[in-house]
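Before any comments, here is the structure.
By written order: A, B, C, D and E. Residues from 1 in each chain.
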Amino acid sequence: MSILTFIFILPLLAAMALAFVPRNLAIVMRAAAVGVTFVTMLLGVLMFWQFNGAPADANGYRFVTTIPGLGAESLGIACKLGVDGLNVGLVLMGAIVAFAAACCSFEIKTREKEFYILLLTMTGGILGAFMSLDLFFFYFFHELALVPTFIMIGVWGRGEKKNYATFQITLYLSIGALLALIGLIALYLQLPTDSRTFDIPTLTQYFAEHTMAYSAQMFVFPLLLLGFGILVSLWPFHSWAALGYGSAPSATAMLHAGVLKKFGLYGLIRVAIPFCPEVARMHMQFLAWLALGNVLYVGWVAMRQKNLNLLIGNSSVAHMGMIFLGIASLNLIGVTGAVVIMVAHGFLAALTFGLSGYIYSQTGTLEMSELGGLAKKLRFVGVAFVMAAMAGCGLPGFLNFVGEVSVLFGAWQVNPLRGITVLAVWGALIIGAVYMLRAVRTVLHGELSAKWENLSDADLWRRLPHALLIASLLVFGFFPRLLTDKVKPVTEQIVKMATAKAPDSNGTVVLVENK
Amino acid sequence: MIVGLEHYLVVSALLFALGLLGVITRRNLIVIYMSLELMLNSANLALVSFSRFNDNLNGQVMVFFIITVAAAEVAVGLALIVALYRKRQSAHVEDLTSMKL
Amino acid sequence: MGLPDILFYVFAVLTLVCGTLVVANPFSRNPVTSAMFLVLTIISMAGLFVLLHAFFLAAVQVLVYAGAVMVLFLFVIMLLDLKEEERRKIKKAGFITGLLAVTAIVGLFVRSLLAAHPGKDLPVPTAVGDTATLGKMLFTNYLLPFEIVSILLLVAMVGVILLSKKDLK
Amino acid sequence: MKYEVLPWVILFLPLLATGIITLFTLKNEKASATLSVGAIVVGFLSSLLCFRAFRFSPQEFTLNWLDLGGLQVDFGLKLDPLSLMMLLIVTGVGSAIHIYSIGYMKGDSGFSRFFACLSLFTFSMLGIVLSNNFVQMFIFWELVGVSSYLLIGFWFEKASAADAAKKAFLTNRLGDFGFILGILTLWALFHGSLNFGVIAKYVEENPATTGLTVAGLLIFCGAVGKSAQFPLHVWLPDAMEGPTPVSALIHAATMVAAGVYMLCRVFFIFTPDALTVIAWTGGFTALLAALIAVQQNDIKRILAYSTLSQLGYMVMAVGLGGPAGPTAAMFHLTTHAFFKALLFLGAGSVIHAMHHEQDIWKMGGLRKKMPVTYWTFLVGTLALCGVPPFSGFYSKDAILAQALHRAHEYPFTGYALFAIAALVAVLTTFYMFRLFFVAFLGEPKAHEAEHAHESPGVMIWPLRILALLSIAGGLIGINELFDYQFTGVQGQYSDLITRLIEPFRHAPAAVFGGLVAVVIGYLAAKAFYGKAKSDPLPGKLGPWSRAMANRFYVDEIYEATVIRAHDLIAAVADWIDRWIVEGFCVGLVRGGTDLTGRALRLVQTGNLQSYAFLFVLGVAVVLWFVLGR
Amino acid sequence: MNLSLISLELAVVGLGIVMLLADLWLPVERKRAIGYAAAAILGILLLNSFTSHCSCALIGQSAFGGMFVQDALSVFFKRFFLLAAVLTLVLAVEFSDRIAAGISEYYSLIVFALAGMVFAASANDFALLFVAIELITVTFYVLTSFTRSKVKSLEAGVKYLILGALSSAFMVYGIALVWGTSGKFNFTELAQVVGNFAGNKVFLFGVLFILVGLGFKIAAFPLQIWTPDVYQGAPTPTVAFLAVGSKAAGFVLLLRFLFYAIPSVTAQWTNLLIVISGITILYGNLCALPQRNLKRLLGYSSIAHAGYLLLGVAALAGAMANGKSPIANDGGAAVLYYLAGYLFTTLAAFGVIAVVMKQLDTEDVSGLAGLNQRSPLLATTMTLAMVSLAGIPPLAGFFGKFLLLKAVIEQGATNYGYYCLAFTALVGVVISIYYYFGVVRAIYWSKETPDLSAIHLSWPMKASVAACVAGMFYLGLFPGALLTMTSKAVSVLAH
C-alpha cells in the first residue's frame, strides 16, 4: 500500500460507485468525477514532491507496492506498482490532465452517467499503465483505458465522420496493442522456463546480465517497434489520430492524445530498446526517418487542414516525431529530451484540445473558415490559445522547448542523424510555426463575424484546468531540472543498456564521445 | 485366391463410398437418410470383418451398439422429417434454405 | 477357392449392386424402390456376417434393420406419400466434383490399405460371434455403454413423441 | 547594496510586471502603465549603477539551467562594456518610449495588454543583451520574436496587422532556423560547450576552419532574420502596422539592433570569409533599402526603410572586421537608436495629430502647427543624414573610415563597400529631406493637416530628450567604450574639442566623402521637392520608380516561390494522406477484409446438399493433406 | 466394479427421469418450477462435487475395465458441464413461454444431454466415447428442433441431424479402422501400442475419421458448415448449451484422444492442426463481419472461438513434437481456461439475447437498440460479454487469449508456423473487435430506438446473469486459482 495504489485505484473505485448512482443526479456525477480526479491530482503532486525524499529500492524504483491477489504468480504476473524518474513525470502529468479533462467534460449533456464512469475508468487505467512495474499489467491497464476511449468517441463524439473515426481508431489501436502484446509475450518467453516473469525490474536485471539471443531480438524488437509505433501514430500509421481526436469529445481527446498515447513511447524506452539493444541500434536510423515522416510530412498535412481540431490533431502527431527522433538518437541527451517532450506534450495536447473543445461548445463548429476574431470575445481562451500555439511551435519558457532543444542536441550528437536533424529542425521551427500561427490568425485574429457576437468567455471551471495546464508547462519550462534531474539517472541506465556492446558492423549508431 | 481381410474392407469401403455419394447427390431427405444407414452398415461390416480376422469379439459388441444407436437416430430423424413435411409439404433439401449466408 | 469364397463374392456383388441401386437407381427415383433395395443390401450383408461367423449380428441385422428400421422408413414414405423425386436436373459440376471427392477418399483408403496390408500373417481365426459370448460381454465389460444406449433410446422416444404429437397451439 | 543583484533585478522586473499585469491589473489601466513604466525606469537607473560599477571590470554570473551530461545549459549574465552600453540603450530609450506610449495609447481598449507586451519585450531584449551563452541567447532571441509578434499584431482585428505579425514571426523563424543549426554545429565543434567565453578561447587556440565558417554563417542567419537583412528584410516594413511606439522601440531602436548586437557579441567566431559575406550582405541591404525608401509615401514606411538601410550599414560595419568594425557598428547602433527612435516618435506625434493619417502627401505645413515635433524631427533628420556635429555624423564616419581601412587588406571589398556606403548616404539625405519638405514645409495638403495641433507633454518630453541625445550622442565617448570592449585597451579620455574634430584628423577622406554625399542629397531633394505638390519622380524614372515603390517586388517573388512551393508540398502531402494512406491503403485493407467476408459466406448457401458436399470435400482435402504423400 | 464412481452421472440421469415423471403430475402453470428445481439440484450436485464425499473426490480411479476414468480432467469438465447446465436451465425457464409444448421435457432433455456430457468427460474407451457422443447429439437433434412451430427450428434440426449423422458415420468407420488395426478400444491400452501404428496408414485413416467426428462437434474448419444455420434456427437456450456444452465435450474428448491415446501420432500432425486452427479462426471472423442476425453472428463467432481453442491444441501438439510432455507447454491449460471464460461469456450473451429477442421475432442486431434504457443490467452484461469475447481486459476472454497466444508463441522458436498462427489469431481478433463493437454500438448509439419498455427479469435470471458477469471479471482479474486447477487437470494427459 503506497500512495501509488490510491492514485490509480481511486478513480476506478469511483467509477464503480457511480454505477450505482441514479442517472438523474448528473450534478453528483460531475462533482464526484471532478472531486476524485482532483484528489488524484493532489496525490500525484504530493508523490512528485516526495519523490526525491522517498526511499528507492535496489533498482531505483520508489513507492514500490504490490496489489495482492491480482495476477497469477504461477506465470510470474503480479500487479506491482512503482515509479522511477522515467514514469514519475508521466504519472504526475496524467493526474493533472485527468483533472483538467474532468473539468472540461461539463460540456457533456447526454448520458452523463456512462460518460463519467468511462472517464474515471480511463483515468484509472492510464495511471495504472504508467505506474505498473509488471509488463502484463502495463498492457492490461492500457487496454482498460483504451476501450472507454472507443466508446466515448462513438457515443459522445462529434462530426459526421464519427462512426468511421471510431472504428478506424479502434482497429488501428487494437492492431498496435496486439502486436505489442505478442512482442511482450515473446520477450517474456526469452527467460528460462522456471524463472519466467513479467516483472520489469527483474527483466531489466536479467537482460542487463545476459543479452537476448540475436534471433529473438530480431523477432521481438520489430514487433514492439511496430506495435508501439502504431499506438503513437508513427508515420505512416498516423491517419487514425487526427480524425479520431477530431471526432472525440474534448475530455477523451485530452486524455488519449495527452496521456494514453505516451504508453507506446514509454514502452519503447522502458522495454523495447534496453532489452533488444543490438537490433534496436540497427533500427534507429530507420526509426529516425519515420520520425521525420511525422515531423515534416504530417506537419505539411497539418498546414492544409480546414478544421481546427484536425489541425491540432495533426500537430500532435507531428510532435510525436520529435520524440521518436530523440529516442532514435539513443543517447542520454536525446532520450531524456524525448521523455521531457512526452510530459510536455501531454500538457500541451490536453490544453489545445480543451480549448478547441470550448470553442466548439460555444460556436458549434470548428471549421476555420467560419471562425475568426474570436480573441475579441473570448479573451481568456484567446490568450490561452496563443500560449498553447506558442508552446506548440517550441517557444522557450514552455517545457516543450526544453525537450525539443535537448532532442535536437541529442540527435545532432549522432553523426548519421545530422541530415535528418536539420530537416526536423525545419519541421519543428518553420512548419510548426506556420500552421500554429495560421490557426491563431484564422480563429482568433481578424474581423469578428456578426454571428459570434454573443459568445461568452470561459467560466471558472473552464479557466481552472487550462490555467493549471499552462502553469505546469511554464513551471517545468522555467525550471526543467525539476524533471530532468529525475529522468537523467534512468535514461543513463537505459542508454547504457542500449549501447552496451560496441555497434556491430551493420549497426548504424556512432556515438560522438564528448568530454 | 483366398478371400482375406482386405476383400471385406474393400467391400465395406465401397459401400461407405456409395452412402457418401448418396448423401451428396440425392435430394430427398429420406433417401439421404437411407444412404447414411448405408454408411453405418459399411462400418459394421468393417468391424465385423476385423473382429473375425483379429479373432476378437469386441468389435461385434461395438456393432451392436452402432445398430441400436442407428435405430434411435432413425426414429428421431424420421420424426423430424415428418414434422418438417407437415410444415413444408416437401422433403426436398432445396426447400430448406430459409436460413443462409 | 472354396465355397465360402464364392459365397463371399456373391454376397459382396449383391451388396454393392443393391447399394448402388439404393443411391443411384437409373430407372426409378422413387424412394420406395430405394428402400426396397436397401433392405436387399442389408440382407445380403447379413450373409456376409454369416460368412464372418457373426451369427448373432446377422440375425440382429435382419431383425432390427430389415425388420424394424426399414419398415419405419416405408411407413414414413407411405405416410408422406412422397411423390417420385421429380427430376430436377442435377448440377453436373457438383455431381462430378462430389464423385471425385468420394473416389479420392476411397482411392486413398485402398492405397493405404495396400500399403498397410493389415490382413497379412494373421492367425487362423477361431472366435465365433454367438449370442452367449456376446451377451456375456455386453453385460460385463460393456455394461455402461449398454445402459447409456438405453438412455439414448429413452431420449429418442421422448423426442419422437414431442416432435410428432399433434397438439400445436 | 550589492551590485551583483542589480542585473537580475533589471532582467526580471519587466517579466514581473508582465505577469502581474496579465494576471491582475488588466482592468486597471493606470496600475498597468505604472507597473510597466516603473519596471523599466527602475531598470534604467539600476543599469546606470551597474554601468558605474562594472564598466571596466567585466563580470559573469551563472546558474545551471539544464544539465544533461553532454549538454550543459547555463543561465548566466555577462556584464561587460558591450552589454552594459546596450543595457543603457534598451532601458533608456525604452523608458522614453514607455512614457511616450502612455499618451499615445490612451483610450485604446487593449491599453493594459499593450504594456504587458511591452514589458515582456523589454524582458526578452534584456535577456539577449545579458546572456552569456548561445542557448540562452537563442531562448531570448525567440522570446523577442514572439513579443514583437504580439506587439505588431496588437490591433489583431485589422487583417493587415494580423498578417504582418504572422509574417514577422515566420521570417524571424527562418533566421532562427539557421541560428539553431549554427549553435548545434558550434556545440559539436567545441566539445559541447556553449559559453561565449569558453568558445572564444577555443577559437583562439585552433585557427579558422571551414566548419567554423559554416557555423559563423549559420549564426549570421539569425542576425539576418532579426536585423532584417536581405533576403529576410521583408517583414520589417509590414511591421509598421503595429502602434508607432512599438515601431520606434522595437523596429528602430532595439530589437532590430539585436542582430547587430549578437554579431558583435560573438564576433570572435567569424572567419575572414564569413566576414566578407556579412559585409556584402549588409552593404547590399543598405543600398536596396535606401532605393526603396526614395519612393515610399507612408511616413512610417519611409522611416522603416531608412532603418533597414542603417541596419545594413551596421552589419556591413561588422563585416568590415577588425576591432574597429564592430566598434563602429555598435557606435552607429547607439546613435541610430537615439535619432531613429526620435524620428519615429516624431512621426508618431504627427500621425497622432493627423488622426492616424500616414501619407506624407496629405500633410504639409506642420511646421507652424506642431513646432516641437518639427524641430525635434529636424534634429533627427540631420543626425540620420550625418551632418556634423550631430551624432549620426560620427558613427557613420567611423564606418566609412573602416571601409577605407579594410581596403588596405581587401582592396575590392573595401572600396566597393565604401562607394556603396557613400551612395547610400546620398540617398539617405535625399529621401529624408523629401519627407521633411513634403510633410513639414509648404502648405497643408489635406484638412487633417490644417487642423493638426501639437501633441501632449507626455509625448513631447521624450522627443526633447531623445533630440538632445541625438545631438550629443556622438561626443560622449561611447565609441571609446566599445573600443575598449573589442581591443581590450582602455582609450584615454580626450576633451570635447578633440572629439569634435577627431574624425577630420583620423580619416579625412571618409569625412569628405560623407559630407559631399550629404550635400548632393540635400540639393537633389531641394530641387525636386522644395515646392512639390505631388511626387515628380515617377514621371522621370518611370518603371524604376514603380519598382522602388513596389520594393523591387521582393515580397511578390517570395509569394511566387517559397510560399507557393510550401503550399504545393503541403497540398501534395495532404492529398497523399487523404487518398493514398487513408483512402487507398486503409481503404484497401478495410474493403478487402469486408469483401472477403462477404465472398466467403456465400459458401453458406443454406442448402443441405452443398453443406454435405463441402463437408466431404473438406474431409477429402484433409486426407490428401495428411496421407496424400 | 464400483458404482460409487459414477454416482454423479447416475444422479444426473436419475434427475432426468424424475423430471419426466414429475411432468405427468404437475399442472401446466407449475411446470416452470421443474426447471428451477432441476437447476437447484444440479447446483447442489455442483457444490457437492467440491466436497470429499462425492465421486469427483475419487481422483485417479477407474471403473468398467478402465472404460470410465475419474481424473482431474474429467472432474474439471464435469463441474464445467454442471455449471453450464444450471445456467442454461435458468435461461430455459426464462425462455419457456416461447416453447409450444412439453416444456418439462425440454428441461429433462437438457439434463440428458448433460448426462451424455459428463459421461464423455470420463470416457476412456471408444465404446463409451461413441455412445456418450451419440447421447449428446441425438438429444440435441431434439432440442434444436424443439420449437417446431417455427420452420427455422425444424430446418436447423434437420441440417444438424443429417450432418451430425454423417459425421458420426465417419467417426464410426474411423473407430472400426483404429480398432481393427490396433485391436484396442481402451485409450490407455491404445496409448501403449500406438507407437507401432504411427506409420500404419489404415490406422491413421481411422484416426482422421474419428477426428472428423470430434471436429464436427467443436465446429472446426472443414466441418464448421452447420454452425450458423443451427445457431440461428435453434431455440436460444439450446444454442447456449450447444455452444458451451457440446463444444466443451468435443474438446475434452479431443484432448484425451489426441494427447492421451495417440500422442505419437499427434506429434506428427502439428502442421495440420496449425492450418486448421488458422483457417477456422479466419473463416469464423470473416463470415461474421457482414452478419446482422445476432444469433447467426454468434454462430460464426463460435467457429472463430473454436479456432482460438485449437490454438492451444496445436501448441500442445507442438510441444509433444519436441518430445516434451504435455505439461511443458500449458496450451492445454489455456484451452480449459479459455473454455471456462467462454462459458460465462457465451451464456451471458445468449441470456441477454433470449430475454431481449423473446418479444420481437427479428433477431437482427438492431433489436438491441436502446437496450441501455430498457434494462441497464442487460445492456452492461451484453457489452461486457462482447468485450470479453473480443478479448479485452479486464475480462475472462483477455486472459484466455493471452494464455493461448503465450502457448503458441512459445512453440514459435522451433516451428515458425506457430508465429504465423499467432499473427493469424491477431488478425482474427482485430476483425472480431469490429463486429463485436458493432453489437455494442447497436446497444448504445443506434439511431432508431423502437420501444423503450422496461424489460422485466425473474430474479433467478438476474442472479445467473450477475453470476456470468462476476465470472468474467473473476477470471479476468484473479486467474491464479483456476489456472492451477486447469494445469492440474491437463497434467493427467501425461502418462
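We adopt the following convention: contacts are C-beta pairs under 8 Å (C-beta built on N, C-alpha and C of every residue); 3 or more make two chains touch, one makes a residue touch a chain.
If you're wondering where the values come from, they're calculated on a predicted model, not measured in any experiment.
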*asked:* Which chains sit in contact with both members of the pair chain B and chain E?
replied: C, D
*When the mean CA coordinate of each chain is compared with the mean CA coordinate of the whole protein, which chain is closest?*
A
_Applying the contact rule given earlier, which two chains have the most C-beta pairs between them?_
B-C
*Sort the other chains by how far their Cα centres are from that of chain E and give me the top one.*
D
_From the centre of chain C, which other chain's Cα mean sits the farthest off?_
D
_Separation of chain C from chain E, taking each centre as the mean of its C-alpha atoms, in whole Å_ = 31
*Averaged over CA atoms, how far is the centre of chain D from the centre of chain E? Could you give it in whole Å?*
77
*Counting in whole Å, what is the centre-to-centre distance of chain B and chain C, each centre being its mean C-alpha position?*
6
_Centre-of-Cα separation between chain E and chain A, whole angstrom_ = 42
*chain A residues counted as touching two or more neighbouring chains*: none
_For chain C, give me the residues that contact two or more of the other chains._
94, 98, 101-102, 105, 108-109, 111-113, 118, 141-142, 145, 149, 152, 155-156, 159, 163
*Can you tell me which residues of chain B touch two or more of the remaining chains?*
16, 19-20, 23-25, 27, 32-33, 49, 54, 56, 58, 61, 65, 69, 72-73, 76, 80-81, 83, 94, 96, 98-100
_All touching chain pairs, where touch follows the definition stated at the start_ = A-D, A-E, B-C, B-D, B-E, C-D, C-E, D-E
*Note which residues of chain C are touching chain E in the complex, please.*
108-109, 111-113, 115-116, 118, 141-145, 148-149, 151-152, 154-156, 158-159, 162-163, 165, 167-169
*Could you please specify the touching residues of chain A with respect to chain E in the complex?*
69-75, 77, 114, 136, 139-141, 143-144, 146-147, 150-151, 154-155, 163, 166-167, 170-171, 174-175, 178-179, 181-182, 185-186, 188-189, 193, 216, 219
*Please give the residue numbers of chain B that touch chain D in the complex, ascending.*
20, 23-25, 27, 32, 93-94, 96-101
*If you look only at chain C, which of its residues touch chain B in the complex?*
1, 4-5, 8-9, 12, 15-16, 19-20, 22-24, 29, 31, 34-35, 38, 41-42, 45, 48-49, 52-54, 56-57, 60-61, 64-65, 68-69, 72-73, 76-77, 79-80, 82, 85, 88, 90, 94-95, 98-99, 101-103, 105-106, 109-110, 113-114, 117-119, 122-123, 125-127, 129, 133-134, 137-138, 141-142, 145-146, 149, 152-153, 155-157, 159-160, 163-164
*Residues of chain D that touch chain E when the two form their complex*: 593-594, 596-598, 600-601, 603-604, 606, 608, 611-612, 614-615, 617-619, 621-623, 625-627
